[in-house]
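Structures incoming, each one as structure tokens.
In what follows, chain A forms one complex with chain B and a second complex with chain C.
Moving on to the complex of A and B:
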């Protein structure tokens, strides 16, 4: 056991200030977790550098929380290695990994007041009372909960509980923060506020954060990088813009973005002009711009999956794709229009304010101006690149 | 801490006040009348026992009965001690009962914790075995248990009175059910905060389950204090016998002094009252705990 190397670290710094950064890299190498026949996490390999804010994103049941619990030491992997700061921690107990977790439920101890909740990990480590008081005062001031220290969790609001949970995690200066959907129990406005605060906190502390969410807005706005999981398998990992612009497969494409990318299956056909290609979609055919057509030709495809972001679809009288409007969502700064194509497939169109908005029930034709399409293999659903 | 607890209570009071139905007056009068009648039915025998302990045997025998002792006579209590050796019996009972109660609560809490929080092979089977012990009536085990006690050389000793009751299937079951109400996240959080099983049990699980523990403490105390048959068959001298047997002896000794019997009864029941008063709040909450726990 190499516990001493990990626990021996300065859990509480003598200086104690929030300004002292502590962070460690986290590595997962072929990590698999099975429960009976079900595979929650399937040979996950992921490197999180020290100080990074990495978001694990995916729909519910995709294994992201399990992955987090594996890193925390709350679950044991069926196979694979987990490293913290380069050291394999598979055999290390949760309490010796020097990681702190913030739970979706906050997991505050209901019988203890806020002060005792925040102190709880310090008491476990036998931190002297004076030092404890100082650390609690410091953390609670920085999270603006200093006036709540004598209250019980039941007597404070959800947002305040969230801060207490954060304070409890921060106060012991862990090397890694694990956050399991920490904002999902908050109302929308508070969530937006807390997003900004968490990002700021990360900048201030510099501690590695592994953050689990199903909310792609959270992922896009907070993460240095995003790792997308689906059915226990890592789909893509990259910086938000890259994941957004160059999704690795149709799943990622359909998951990222608000509203997400339209995913349409179509047949390839010749346009009759030179060796041009067009995609025959449920509501009509659209020409395939040349670099993409070249890709399709090179692969010898007869069908493919087309991805197009709602902002890259236009309501266009000269459009070749026809359908009828089923719903219009007016968001103020933009409008989302849902059109049902003739084959029954829904396609979302995002219109900036000022652009004319069709009415529900109206028949419209659509086009993809600029041909900003993404192509995916019809079988593997992997991205097709030039 | 106490200040915070009273804060809780205040808030609960608010809720109750808001929820109180403002039904028609007649229904309320009817309800309270019924409650008063029920309270009298329950409390009257206790009251009359106390009154009779303060009367002379002649006053007790008189008809109509005296309902209030105008000139209370405390001598019967002294007689209960001198005549019936109640002091020794009470001491024995207290010793045995406290030992059993403490042990039962402790072992049940530990076993309940293991069943609720620790994954181990055959835990379900073992738990069912624990439950099965609840189905066996005491009469069935009486004779074999006595044989065991005799074989161990414990006949007529305190271990004979205490050891068979150090663990409780019911307590284990009660605590396991109650402990399972503690969210898994709290267990995980405590593990990450650096708390092992023992400290999680003592710092989180037990404080959160005070109602169940209070209820079971009262239950265990009552059970141990009121034991009669078992102490009777494993003891033979007054040095180790308990108060229920002592009361029986007192009855035989003071046939003409009914007031002494009543005084003895009051003395024997006193610890139960004390424990009920001490644990009253926990007991009521314990009985309703399952209903409100999320």
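Moving on to the complex of A and C:
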């Protein structure tokens, strides 16, 4: 009965709707978007399964927002196919794609109060007043904004606006949520809170979420999978742990983690012991442990890129890499030490509390205990695996 | 003034224990007084200009209305009090003129607004060469009333005018001499002349509507029509309101096109209030009646603008 009240829009369950899972898969197949000579998105192929929380991660200008807008129907692809629920939607107008979007600026209608803002998608779809009231009451209660319904967006706080924007997206139960850096205008504490709330919301609604951010912490903590974009090209897709542990290339390695992985270029040299290899880096040489040395030998490399996570670098009097401390960041639970190697390259060291912390200006030697390094091709910067 | 500061300083700086510190009552009063004086000094130049060119003439005009102009020059004018106001307001000539003015305003303001807004919406699209259209649409703003009138005078000429030819009014007296068509014709000239200004106003306002809001509405399932009515127009409302108020006042004061095209004719059919006033003042030299008409026009516009603010401003959204 209630479903018939909705014309041309999503069906709403008689039970109340909010708990009913409703989601669709999203597929991009060789999607390219060019603006004149500039390529914003370069043949992007990506499959997002129904109900998945996928994070599009990348630095600003990498094409992630363009990708999102392509799915929303706000931009037309230059080439390639976009599918929602298996159906090609290239020719479908944004208003008919049954997706909801949360904008970075929230894009609330400033002339309408909170109630009318949340109702907007329902009114646009001619949902009956009674049904509208019920849905607004329900969604505003679940997002704890029920007492703000009569206020204008200008009269509420940033965090509240964020909730209103979410409510407006949720209220009509779309097949897919598109979120464009929704948390970037919030202060740090609120952002952490909202991260947890969004994850919870996703679990409750089960709707597919395509989430754009440049914040790798958001990506790591929220996404089922992360897709990393750089200069319009997809670099890697994978679950957070996989992206963190086995970055596909030097860019991903240097982007993920806080602080991110140290990326150092070095020359390969023989150690003189058996056929052992060492990497000559700006501040000194470090031995290459055997499985990695074998990889380098097999490929006949003379130089390579070494990646090492800050937590896998130690301040070690017996270390072979020398530099001077430029800065120490005390975070309470750990300390970040920035060292400048002799060649001018900065390397970050993450020290747990309890470990002795050098002072800025102090000369130190570093080592890579356990040799937990990642190797990347010096030309293609692709990951080198055994 | 400055030498008063050291005198009052020990008073306000008196920090006897048990007394709240900070400036004393006296010091604060002195400061707000100084600020007030300074404020009035700043508005004094503008006030002087207004007094000489607006307030004094206004008062003088009201007074002039109390005196009946003598039938021959050099005779003294006679004080008649409000009776001249009464007789002018109740005269058929005035009422007919007022009615024509109302018709003229009703013809020009809404149509001009809708056309200007429509063109602005059309020209607000991202299309190659749209600048050319924007320039054309706004060009009438650089056209004076005289130029517009001459152009249309030619177009409406019964012998050679293109419009007369199209409308089947060749030969004869012509459209401008047709009692039913003269006022609409003058209105069309006025609409055309004002179109550029309205277009520029509306275009500027449209640029101020954030793309993101329209995109959000699109994704929310809103059709183009729905977006225009529910998002664009509410955000344009301050400009629309401004255009209506200014346009109404402008239409009540339209003079040039009437003087150049019809001189109030044929048979007074385009004799709007301001033209009637002009005739009284400068053709019949009846300054008394002209003064009354000026005051009445002023009061009408005052009331009308008040009503517009009172009833329509509620629906205006000023943002933030």
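The criterion applied here is as follows: the second predicted complex is superposed on the first by the 370 of 386 C-alpha atoms of A that agree within 3 Å, B and C clash if a C-alpha of one lies under 4 Å from a C-alpha of the other, contacts with A are read in each partner's own complex, and residues count from 1 in each chain.
Here is the rule we use: a residue touches a chain if its C-beta (ideal position, glycine included) is under 8 Å from a C-beta of that chain, and two chains touch if they have at least 3 such contacts.
Quick caveat: nothing in here was measured; it's all calculated off a predicted structure.
Colleague: Record, for the superposition on chain A, whether partners chain B and chain C clash or fit.
Modeller: With chain A aligned, chain B runs into chain C, so clash.
Colleague: Is A:150 touching the first partner chain B, the second partner chain C, both, or neither of them?
Modeller: first
Colleague: Of the two partner chains, chain B (first) and chain C (second), which one does A:113 touch, if any: first, second, both, or neither?
Modeller: Only chain B is touched by A:113; chain C is not.
Colleague: Contacts for A:125 in the overlay, against chain B (first) and chain C (second): which applies, first, second, both or neither?
Modeller: Both: A:125 reaches chain B and chain C.
Colleague: Taking the superposition on A as described, I'd like to know which of chain B and chain C A:378 touches: first, second, both or neither.
Modeller: Touch partners of A:378: none, neither chain B nor chain C.
Colleague: Looking at the overlay, does A:94 come into contact with chain B only (first), chain C only (second), both, or neither?
Modeller: A:94: touches chain B and chain C.
Colleague: Identify the partner contact of A:287: answer first if only chain B is touched, second if only chain C is, both if each is, neither if none is.
Modeller: neither
Colleague: For A:105 in the superposed arrangement: first (chain B), second (chain C), both or neither?
Modeller: both
Colleague: Going by the contact definition given at the top, which residues of chain A touch chain B in one complex and chain C in the other?
Modeller: 72-74, 93-95, 99-101, 103, 105, 107, 109-111, 120-121, 124-125, 154, 168, 172
Colleague: Show which residues of chain A lie in contact with chain C when the two form their complex.
Modeller: That would be residues 9, 72-74, 93-101, 103, 105, 107, 109-112, 120-121, 123-125, 154, 168, 172, 178 of chain A.
Colleague: Considering only the defined contacts, which chain B positions touch chain A in the complex?
Modeller: Interface residues on chain B, with respect to chain A: 1, 4, 7-8, 183, 185-186, 188-196, 199, 203-204, 207-208.
Colleague: Quick check on the complex: what are the chain C residues that touch chain A?
Modeller: It is residues 210, 212-213, 215-223, 226, 230-231, 234-235, 237, 317, 319-320 of chain C that touch chain A.
Colleague: Along chain A, where are the residues that touch chain B in the complex?
Modeller: 69, 72-74, 93-95, 99-101, 103-105, 107, 109-111, 113, 120-121, 124-125, 150-152, 154-155, 168, 172
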